[in-house]
Amino acid sequence: MAGTRTGVWLIGALGSISTTVIIGALALRKGLADPTGMVTAGSLFEGAPLARIEDLELGGCDIRQGSLMDTAAHLARETGIIRGDLLSEIRPDIEEMEPRISRGTSRNCGEAIEQLAGPRQDCLTSAREEIHRIRSQLSAFRTDRSLDSVVVVNLASTEPAIAPSPHHEDLASLEKCLDEDDAGAIRASTLYSYAAIREGCPVINFTPSQGALLPALVQLAADRGVPVMGNDGKTGETLVKSALAPMFSYRNLRVLSWEGFNILGNLDGRVLDHPLNKAAKIQTKDQVLSKILGYSPHSRVHIDYVPSLDDQKTAWDFIHFEGFLGARMSLQFTWQGYDSILAAPLILDLARLAELAWRRGESGLMPHLASYFKAPLGVEVFGLHEQYGMLVDYADRVRRDAESTRRRENRSGAATAMGAAAGTPGLGDPHRE
Amino acid sequence: MAGTRTGVWLIGALGSISTTVIIGALALRKGLADPTGMVTAGSLFEGAPLARIEDLELGGCDIRQGSLMDTAAHLARETGIIRGDLLSEIRPDIEEMEPRISRGTSRNCGEAIEQLAGPRQDCLTSAREEIHRIRSQLSAFRTDRSLDSVVVVNLASTEPAIAPSPHHEDLASLEKCLDEDDAGAIRASTLYSYAAIREGCPVINFTPSQGALLPALVQLAADRGVPVMGNDGKTGETLVKSALAPMFSYRNLRVLSWEGFNILGNLDGRVLDHPLNKAAKIQTKDQVLSKILGYSPHSRVHIDYVPSLDDQKTAWDFIHFEGFLGARMSLQFTWQGYDSILAAPLILDLARLAELAWRRGESGLMPHLASYFKAPLGVEVFGLHEQYGMLVDYADRVRRDAESTRRRENRSGAATAMGAAAGTPGLGDPHRE
Amino acid sequence: MAGTRTGVWLIGALGSISTTVIIGALALRKGLADPTGMVTAGSLFEGAPLARIEDLELGGCDIRQGSLMDTAAHLARETGIIRGDLLSEIRPDIEEMEPRISRGTSRNCGEAIEQLAGPRQDCLTSAREEIHRIRSQLSAFRTDRSLDSVVVVNLASTEPAIAPSPHHEDLASLEKCLDEDDAGAIRASTLYSYAAIREGCPVINFTPSQGALLPALVQLAADRGVPVMGNDGKTGETLVKSALAPMFSYRNLRVLSWEGFNILGNLDGRVLDHPLNKAAKIQTKDQVLSKILGYSPHSRVHIDYVPSLDDQKTAWDFIHFEGFLGARMSLQFTWQGYDSILAAPLILDLARLAELAWRRGESGLMPHLASYFKAPLGVEVFGLHEQYGMLVDYADRVRRDAESTRRRENRSGAATAMGAAAGTPGLGDPHRE
Amino acid sequence: MAGTRTGVWLIGALGSISTTVIIGALALRKGLADPTGMVTAGSLFEGAPLARIEDLELGGCDIRQGSLMDTAAHLARETGIIRGDLLSEIRPDIEEMEPRISRGTSRNCGEAIEQLAGPRQDCLTSAREEIHRIRSQLSAFRTDRSLDSVVVVNLASTEPAIAPSPHHEDLASLEKCLDEDDAGAIRASTLYSYAAIREGCPVINFTPSQGALLPALVQLAADRGVPVMGNDGKTGETLVKSALAPMFSYRNLRVLSWEGFNILGNLDGRVLDHPLNKAAKIQTKDQVLSKILGYSPHSRVHIDYVPSLDDQKTAWDFIHFEGFLGARMSLQFTWQGYDSILAAPLILDLARLAELAWRRGESGLMPHLASYFKAPLGVEVFGLHEQYGMLVDYADRVRRDAESTRRRENRSGAATAMGAAAGTPGLGDPHRE
């Protein structure tokens, strides 16, 4: 959609994925890269009124000190996924962006994450103060860059799992937890999402952190006309799993065991090396199989931190299955993909799709985005193909709507076209309080 | 469908797949095995009026001399896929079946296959005589076992590729080739299918041999009310490929290369070790990818004969793909499956589904069976999931029809029920000439 | 050595490995199998005066109730590694052996192992009583089967690790621990080895259990003229590792990470699923690499219990290494081997070699057997090739000695030959107290 | 050896391996890289009087037009194995080297190689003229760079196999072939080696091209005091094979099949895509196994050209083996290494070792370099470990000799030291005609 100025505010902005998102967006804007890996750049969304990639404005926050250029240089040198010459060309653009990265919060995120943050000078005294700060940051980003909307994307490290609680179920209880600074019930991700929704910003939780989209927050989003979706971006092993597992059902073959072993070496991996954070991650990876197959074969998912691999996530899956006459057979695969390279185009997709949903007046969960997530909220469909079908249906719907709007506009003359644009929610729109 | 006596006539009856089909059917009939691997035994076809497995009668022909028990003992001893104790229990049933295996034909099948046949005493002088013999065999099988119908399944070794020819396009030309014994235009598989269709028998071509379902034969089948389908059963590497390849499209990732390396050691492998036969096989495997992706990445498929593997087909596939910012990543998988174990339940499925189609009065190609084949005739859908969707739709249609028949019958009283049964084509039915 | 009657007493006699040893020995004796996998049956030991396989007599003990035939039938049915027809032929021999399996002890072996033992009626009151019972069993085995010697082989489940202690260093302290029933310092394996050594029996510890060959026990063995060796048979992943790791050194390539992932499903796997027992196992696997390379790359070894695999141990190793100009490359392998099939011939080797060492008057550790063990006691050589070289040297020495004995005998006439035989230690020999 | 000026003249100088050799040598000289991957830089040769890496001078020839910087930039951009910042730093040094690359010959190298050469203006009329030109190039290189010696390393594309012929056996016959320009008996590699040996330059044939070190040429080298060695550098799959295969012998396990599948995408791969060139390559890879095992399991080696992989050679090997009681098991590995990165340090090793041998007055084949080659000439040892042992022995011998020289020199005073240096062969040395 030409002219729609969309902000993308990245939580964990100095991480590998986030930096790759930023480099990618800058490179695409300058025509230095192809949008390979972006679903919204393929034929599926041709003709849909998505925000143009060159109109995306990026910003964000991080708990760590450091710079985008540091991360970018590391990615270029250690993993080779960012070409040196590309980096040279967009270096000024990256440097221009550095001041847009504000200070983030690691409140109740546990030891592993807090160690990343380093000594904090500006430790705020309460959850409410943190929320206030986040809202101010979002509001300033919107104003400074003259944005029509801001999509908030959580790319921070996996928080320790949070015990399900009745306090998460309704807004009043959650508000009370926020008032009382209840460390057991809320996490940094909760504060971010709460602030974003109150600010009228769509939220994408690309992490497994459950605190980000608690039931009460989803309800708040629905009430306030804000689209949200999560959890946990599906980029590698689980993606393959969700494509392969249905094959066994289609053939009535019985999966006996499905063992997965993931090794990776980036910051994400370092945080996941901590048992509490790993537990949260494995939980979202582990349910996919039984949901697809309709029964639970023996299955464990390991994630191990192997520093030398850096961003190259390597996964070995061994699938043991039973066929006719009880014969046992196996399939094994090794996936070698760069975590950031796989995730970054999906973030750009999700930002564009969340902005579109918001502009179309959708609110609450976006089930049509299920294919992007390991644990899609509110969706019971786990097979990749069926999830993709949901996206196809949505794209068709969007195109049909756009077509009929166009026809209506053509009928009522050029004057209305301007009015329609004014009708899209923007600054001072009703989503925002 | 209780009471429907269905014959399954296996071409290449002494081969590993065929023997496993026979052992499986006998074991299922006696309750000694589960139907794992049979799609028609799963929930998908619940309530559909399929022939009961225990009502299937097996027979067939082979160019080799030998016995089912020889092959069965080999499978038990060398591969372990047939358990020794199971074999002991059904040994009498197998032995009873031995006389039902007639002499087959290897006419125009090339050196590799003719070597299997050994010295032939009864070499027939013409294609027409071969056809006559096959029709007699089918007719005798039907009469001897009091069958309502006979499904012919081609499980013979892969024939050398046959050059496309205008003679294959219309029946008159093909009949002329048969009259003239044109060695370049017809193969053994052509004779089998021609005879089967003339005899009113549905034909399943589970092999890559293109001679089996030439356009003129498909036309003949359509004209004579006989359902047919092929080519080349999808049991291993290609199955995985058709499940995985769409994933790359869904993510807008570019497949650069997809290299496949298959090794196997059974008779099938020995025949495929001959360049002419291998070429025919690789052709059907190779098109799947470009059809799914919409472009042609670098891709080669190797098949090698490795005797020690016997029936355990092992495949290694290496997939090189490009993602965001031009980064190159890879996925590799190793598939280790028993060829016969994977194929046998599909043969039983296809026999039941072909019989059902025939009973329902369908004729010509059966596109709903696309998921079973590497090169489904008349179908442009190659993704596994979409192919499976076609089967799901068919199952729904069948169930709906069965339901409305049942309702109609209930309305018109018990008397009509009998008439409906009489209406199913059977002995002396119009399909047969 | 014709006529040397050697007993092999297996601790954990009802386990998969042990049962395979017994089946193998019986099959070899009857000429129903080849000695593939036995190093002592190859050309290396040609001409060495080893006990003949047909002269080995097997016996042993187990904490579990059950029978050899149960385990054998399970191996035949579930894994297919024992052919049904072979089992039928040697069934009477196996059944004859059943009474030779006595009751074992699981003293201080922790929960995981004690659960296997089931409720115990005959719980003995003290470590000394257990030792007494074991010595009686060994003595009875020797007498009943008229054996010249008995080799004790520990094949029991891995015990929890035992903390190193000064009590393990000298015999007096250890004796005190035995007197005082010190649960923290001694394990069942300690009792077995103590009893065996006191009884003059060579001990092979094929398990990682460190209690079996504590320094004080090795000293006792050296003092009493008894050869012993351990720990932890090298059969699969570690075998490959010790063959491959030197390659990186030979090329001056730097191993950055070596990650191993083992899955298996037999009883051994079930016990290893318990954290304490797993820790003990991983310890012996983990040191191989740093000893070979001379530095410690990032390395973790996982062992997971995957019931469906039963005896088929599957291991995936991923090796990340750095080459010229800092480039990073990888090697990965998947090993799929049957644990029992790999171990059993080595047990027969070790029994023959321990008996030979004993007959030759060697005592204490047998470093020439290093290639058989993951953590060879008293040996700092971890590369497979060099370890094998030690065995080659030993075989040469043995052959030379045998040759000179023969020559001496020839010189001094036939009479002496008999005397030489009398000179080998046997019943009533000085090793035994 | 400080002060020894050694030239390294690379045939195929613009190829990936050669360019990596040059970049590596320049980077090492400037302290911008570590010598990881160079065996002569490890502890093995500590104290041996090898030429210093910084004293190596590089030059060479190629049949292609182009520049080192083109290849270097391609390697940096497409494979990432040369870091962009490293390339920037040594760019001036590379550019200075460009003029040192002379025009090569592709005489009798077949279609695949001649296509690389492009249209030739300076096609010489006879083999003798080519030899004359090569000798002039070598002589000029030596003089221009004031070199003590020049080692010639063949890194050109694999030539088609050459039929063994009596003409190759003695020098007189070979000279006659050269006189008569016998296209069937000589290849470009023959001309290069002949010229080099006549010029007194040691020759390393890192390619499988058999023409390079025909028996008559080896004899000539021996006669003229020139050390030579080949064939076919062992860098990847065969390296792993030669480390792993002995393991099966050590355990008396029977290898049934060993199937290898190599894919690569560089120029080398493109040439090998031509059947004649591939045949020559596979021949040297294929014999390793049977030589190590002492019998010939089923084995095929495939090499396929997969352009997207560029320099990343990927190999999958599947090893099927039989163990105790006839059980069949498997090991498979996937090797992912950069061809040039693996080869380059070995070239530097071989150049230093050939120069050392030459300085020590050795001549003819250098069997101690067996571990570097797939088909080591004159050596029947194929196991990696034993081959490495030969290098260890040589290193020891060299060190001992150096030590005794040093002692002798110390005894006879400083004056002699200078004389000893003068005694090393150099310009105007007796090796040269």
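Each chain carries a letter (A, B, C and D) given by its place in the written order, and its residues are counted from 1.
By definition in this document, a residue touches a chain if its C-beta (ideal position, glycine included) is under 8 Å from a C-beta of that chain, and two chains touch if they have at least 3 such contacts.
Keep in mind that this is a model prediction, so the values were computed, not measured.
J.: Of the chain pairs B-C and A-C, which one is connected by the greater count of C-beta contacts?
T.: Higher contact count goes to A-C.
J.: For chain C versus chain D, what separation do you get between their C-alpha means, in angstrom?
T.: Result: the chain centres lie 45 Å from each other.
J.: Suppose each chain is reduced to the average of its Cα coordinates; what separation in Å results between chain A and chain C?
T.: Comparing mean C-alpha positions, chain C is 53 Å from chain A.
J.: Where in chain A do residues touch at least two different other chains?
T.: 83, 322, 330, 332, 334
J.: Between the chains shown, work out who touches whom and classify the graph as line, ring, star, complete or other.
T.: complete
J.: What part of chain B is in contact with chain D in the complex they form?
T.: Within the complex, chain B contacts chain D at residues 256-257, 259, 261, 263, 298, 300, 302, 304, 306-309, 314, 316, 318, 320, 322, 328, 332, 334.
J.: Which part of chain B faces chain A closely enough to touch in the complex?
T.: Its residues touching chain A are 20, 23-24, 27, 33-39, 41-42, 81-83, 86, 239-240, 243-244, 246-247, 250-254, 322-327, 329-338, 341-342, 344-345, 371, 383-386, 388.
J.: For chain A, which residues count as touching chain D in their complex?
T.: Within the complex, chain A touches chain D at residues 76-77, 80, 83-85, 334.
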